[in-house]
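In structure tokens below, several structures.
One chain, chain A, appears in both complexes that follow, with chain B as partner in the first and chain C in the second.
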Partner chain A sequence: MIQVIIDGKTCAAEEGEILLAVARRNGIDIPSFCYEEALAPYGACRMCLVEVVKGGREGITTSCTLQVTEGLDVLTESPEIIRLRKALLELYLAQAPRSESIRALAARYGVTRTRFTKKTVRDDPLQNRCILCGLCVRVCRDVMGVGAINYIGRGQFTEINTPFFEENETCQGCGACAEVCPTGAIAIEDIAPNRIMKSWSGTKVPLKTCQSCGRYFAPSPFVDNTLEKLDTALKAALQDLCPDCKRKEMTRQAILLSTGTPLPMK
Partner chain B sequence: MGLATCGIAAGGDKVFAALKNALSQRNLQVLLTRTGCIGYCREEPLVSIHLPGKSLIILHRVAETDAEKIVEAVAAETVPQDLALCRVEEWDPIVGEKLVFGTGFEDIPVYDEIPYFAPQRKIVLRDAGLINPEEIEEYIAVGGYSALHKALTAMTPEEVIEEVIASGLRGRGGGGFPTGMKWNFTKQEKSLQKYIICNADEGDPGAYMNRNEMESDPHMILEGMLIGAYAIGAREGVIYVRAEYPLAIQRLTRAIAQARDYGLIGKNIFGTDFSFELTIAEGAGAFVCGEETALIASIEGKTGRPRPRPPFPAQKGLWGMPTNINNVETWTNIPVIIQKGGAWFSRIGGEKNSGTKVFSLVGEVQRVGLVEVPLGTPIQTLVYDVGNGGIEGRKIKAVQTGGPSGGCIPASLFDTPMDYEHLTAVGSIMGSGGVVVMDELTSMVDTARFFIGFTNEESCGKCVPCREGLKHMLMLLDKILVGKATESDMATLEELSGVIKKTSLCGLGQTAPNPVLTTLKYFRNEYDAYLKGVP
Partner chain C sequence: MEPQRLEEIIGRYPTPTGKILGILEHIQREMGYLPKDVLKLLAKRLELPLSELYSIATFYSFFTLEALGRHVVTVCMGTACHVKGAPELVASLKHHLGVEMDETTRDGKFLLTTDDGEYTLTSARCFGACSMAPVLRVDNKIFGYVTPERIPSILKQFGWEGNHH
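Moving on to the complex of A and B:
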């Protein structure tokens, strides 16, 4: 165990732990869009910037990539950090004008309007909410082991979708992407007998019917793959859940199975 | 005959064919051979003639139709004086013994008196334009691979690193990180497998020094890498070359094959227990792939996007193994440092900026080409002495150094020494050594817009400040250029520039706003003019 100082508060941590995680455990809420404990640090959203004042490479850095060492002393809300975060939020407001979560976070920092031209794409599969944090791509590939979606294009023209914007056969319909999306950009709808991944080029995944009541409840390939790995006790536990909760629980269990780390409860 | 890409572009291959043809019609004992480029690109095609015992004569602006005349002169054991640029009596290839060509042709100016060459000091380009880059024996003849022999047979890996540290050599890929220290990081990692990489992605518009280094003298890169691998403890290396450099790839491929034939690559080099394998990876054409973590991803077959550091490549690089990555030009200095010693090297150049740097001098300047000068040489030496000032007597307004994300330095600051610290102090960067000259006809706002257009285009799109921020900077600049912008747009532009620099993930975003920040600082009046409508 080592000690680090976050906003003047002394916190215990394991050497090499990610600062962002240490901060959250100690009730210090550093905003973030692209970080999930179950995934490798990515460093793209830049919301988690902090200022290292002592005990490390001094200056501004992302807390989701900063491994703590003894004596590290950081500020998560210095005037400079707040100034930069506000500017980034303005960029986000312009990029994802339809996202409520972005608007809410911006409001928390007193940012209610943006000086930048808002992006509004007609019929955007991601509803003018995507901020390209890459969580969906990474959870699909690195946690679910599927890789149904990826980046398309480069720079300001980057999008996320299925290869060639075609319906994708590998998609299991698990919905982990929508689960981790910080801006609620991904649209999924169950229209019997299929689950429609509306954001992913309309990919259709067949739903399974409940053995007892005949209702459709979850995508077949996903249920089959996950059930194969679950032990009987968990299988039983899942029986008691309503379809909605079952869907969420299955996603969580699948993530837990492949990484040993559950996603936090949403 | 100088046949690097620049020489070929100037029509050199046609001249070469004509010379070959003219020679085939006579029975002369003449060896016609290809060389790389001596750097005076504006005067190409360049043909050098060496008659036994006589000075080497460099002919310039040679046309296809000159071939007969040249061959006739050579047959008469002389040279066509009207085509002569200069003569070289002897040459120091630095690592080997002095080359003595001879004397004679006294009325042709000597190399050192030519204003373009006079301020130059050739260490990196020690053989460029003088040897045939496609023959390993020519490299060996000028002392090539002697430094490798020395390192492997007379020095420990630690001693090699000490020498590199003592030399003060800093990375020539842009960051200027001390090379010896970097080598030590990788050396100290505990791992059975380690890699070294040569970064030859060179994507800056207008920059082509690495291309010339590879095309003119590929073996010096191989030798530098071999010495580095020995010091670091790596057994495998990769040269990452952009696919737009086919001739460089061809010459490197040939060089590797020859070195392997000579036992200089492979198992038990020089009979020691040091073994090394080297391969070439072709880049996929993205500027950002020159960034080291994106480059490594690209070699691994992934999309070329940077990732946060740490972990640095020295800890976790290619295939997750400790990896040392250096720029082409960094590697080329290594044989010199080993052969002449770190202390010798450290005396060249400026304080904390030892050695030379090859700059590509381009733009609105009379003499364009590759210029190698000691670090710390003032900008004015490059622009006025070497470059001879503006075209048709026009006044020079500024230079932009360091590639697309360098800053624009006004003529009033041309006494600034070209070294890492001074260029940073005036808001620019060394980068890989591009120098673009702008004259009084150039609009600085337009220039800034051009470079933001470039970096915006090349942004990988991973992090928000670079991807979104540059897009909005471009929109604001366009608004300024059509005369619709207000003071508050200007303030937004300036603020946004600072935010992008401070918050971007990789060096691209962290430097991309420099052209705007420096033009705002030094040429504010040009922006102001646009605020009142299009001037």
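Moving on to the complex of A and C:
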């Protein structure tokens, strides 16, 4: 364990931990758009800038890529940091004029308008909300192991979508992308019997029906791929049940188990 | 491109570093563009998401995803050229080559190929020759101070023999 100082507060940390994570654990909220604990540091959005006062390379740096060392002393809201953050938020207001979360954060810093030209794309699949933070791309590829989407093009025309803007056959419809998106840009709709990934070129993924109650509950390929990773007994017990029926089944088994009855699979 | 040929190309790149770019460049050189089915095959073969290859292919201006004509006419649409009359050049080229442009690609560019596959008309940003604006390029040859009246004589240097339709 080492000690670091964040906004004057002494915090315990493991050597090499990411500063942003240490700060959050200690109740210090550094804004961020592109950081996700489960993913490798990326440093794309610049929202998490902090000022290193002592220890390490002094100056302004991104806290989501900064590994802590003994004696590190940083400020997360120094006048310079606030100035930069406001400028960034103005840029983000122009890039993603329809995003509520950007507007909310900007308002928190007193930024309510932008000097830059607002980017509005007609029929934008990402609803004029995408800031190209790359979280969706990385979670899909690095956590789900799929890689259905990626950056397309470059410069001011960069966008995120499926290759060739075609329905994607590798997409499992898990929705992890929408889950991590900081701006609510990704639209998904369940229209039985499919899940429609509206932002991803209308990719359709079949939904699975619960074997017990018959409800549609989750995308088939996602359920199947997840089940594949479980051991056989659990897999047999949980296969094709919606969360409600799954819970009932688990309880039933727990009761059977505690009363010493051998475990019959339903 | 035959799968066999793709295998040969892949086989030339033993190291993973720079492999993808090298292979894509190879395909582009050989075919003049990156055909969709070849990209799909390559993704399978390298066990990479297709999205990764598509991302690379759309990032570098060296790559094209569509077949190009035998001659490529590129009109500079940079600020200086635009002001000096690039749109008039495009209109004239469209007329002489007999291609219609009602569609621009998502990034505002266009790529039009004549029916006989001889010429492709496209645009680019500043060539870095603003002092000669408006500028256009046919294959590797740059032309400066171009006027719509000069278009036919320029095209003739590349085998054009009057309106194609």
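To be clear about the criterion, the second predicted complex is superposed on the first by the 229 of 266 C-alpha atoms of A that agree within 3 Å, B and C clash if a C-alpha of one lies under 4 Å from a C-alpha of the other, contacts with A are read in each partner's own complex, and residues count from 1 in each chain.
Here is the rule we go by: a contact is a pair of C-beta atoms (placed from the backbone, for glycine too) under 8 Å apart; a residue touches a chain by one contact, two chains touch by 3 or more.
Quick caveat: nothing in here was measured; it's all calculated off a predicted structure.
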Original post:
A:G153 contacts which: chain B (first), chain C (second), both, neither?
Top reply: both
Original post:
Regarding the shared-chain residue A:L132, is it in contact with chain B (first), chain C (second), both, or neither?
Top reply: first
Subject >> Touched partner set for A:A87, first chain B, second chain C, both or neither >> reply: first
Original post:
Is chain A touched at more residues by chain B or by chain C?
Top reply: B
Original post:
Touch check for A:T170: first (chain B), second (chain C), both, or neither?
Top reply: second
Original post:
Does chain B (first) or chain C (second) touch A:I60, or do both, or does neither?
Top reply: first
Subject >> chain B versus chain C as contact partner of A:T162, first or second or both or neither >> reply: second
Subject >> Partner chain in contact with A:P41 - chain B first, chain C second, else both or neither >> reply: first
Original post:
For chain A, which residues lie in the overlap of the chain B contacts and the chain C contacts?
Top reply: 151, 153-154, 157
**OP:** Within their complex, state which residues of chain A touch chain B.
**Re:** 41-46, 49, 60, 62, 65, 67, 84, 87-88, 91-92, 94-95, 115-117, 131-132, 134, 151, 153-158
Subject >> Residues of chain B that touch chain A when the two form their complex >> reply: 286, 303, 307-308, 310, 456-465, 467-472, 475, 492, 495-496, 499, 502-505
Original post:
In the complex of these two chains, what residues of chain C are touching chain A?
Top reply: 36, 39, 48-55, 58-59, 106-108
**OP:** Would you tell me which residues of chain A are touching chain C in their complex?
**Re:** 137, 141, 146-154, 157, 159, 162-164, 168, 170
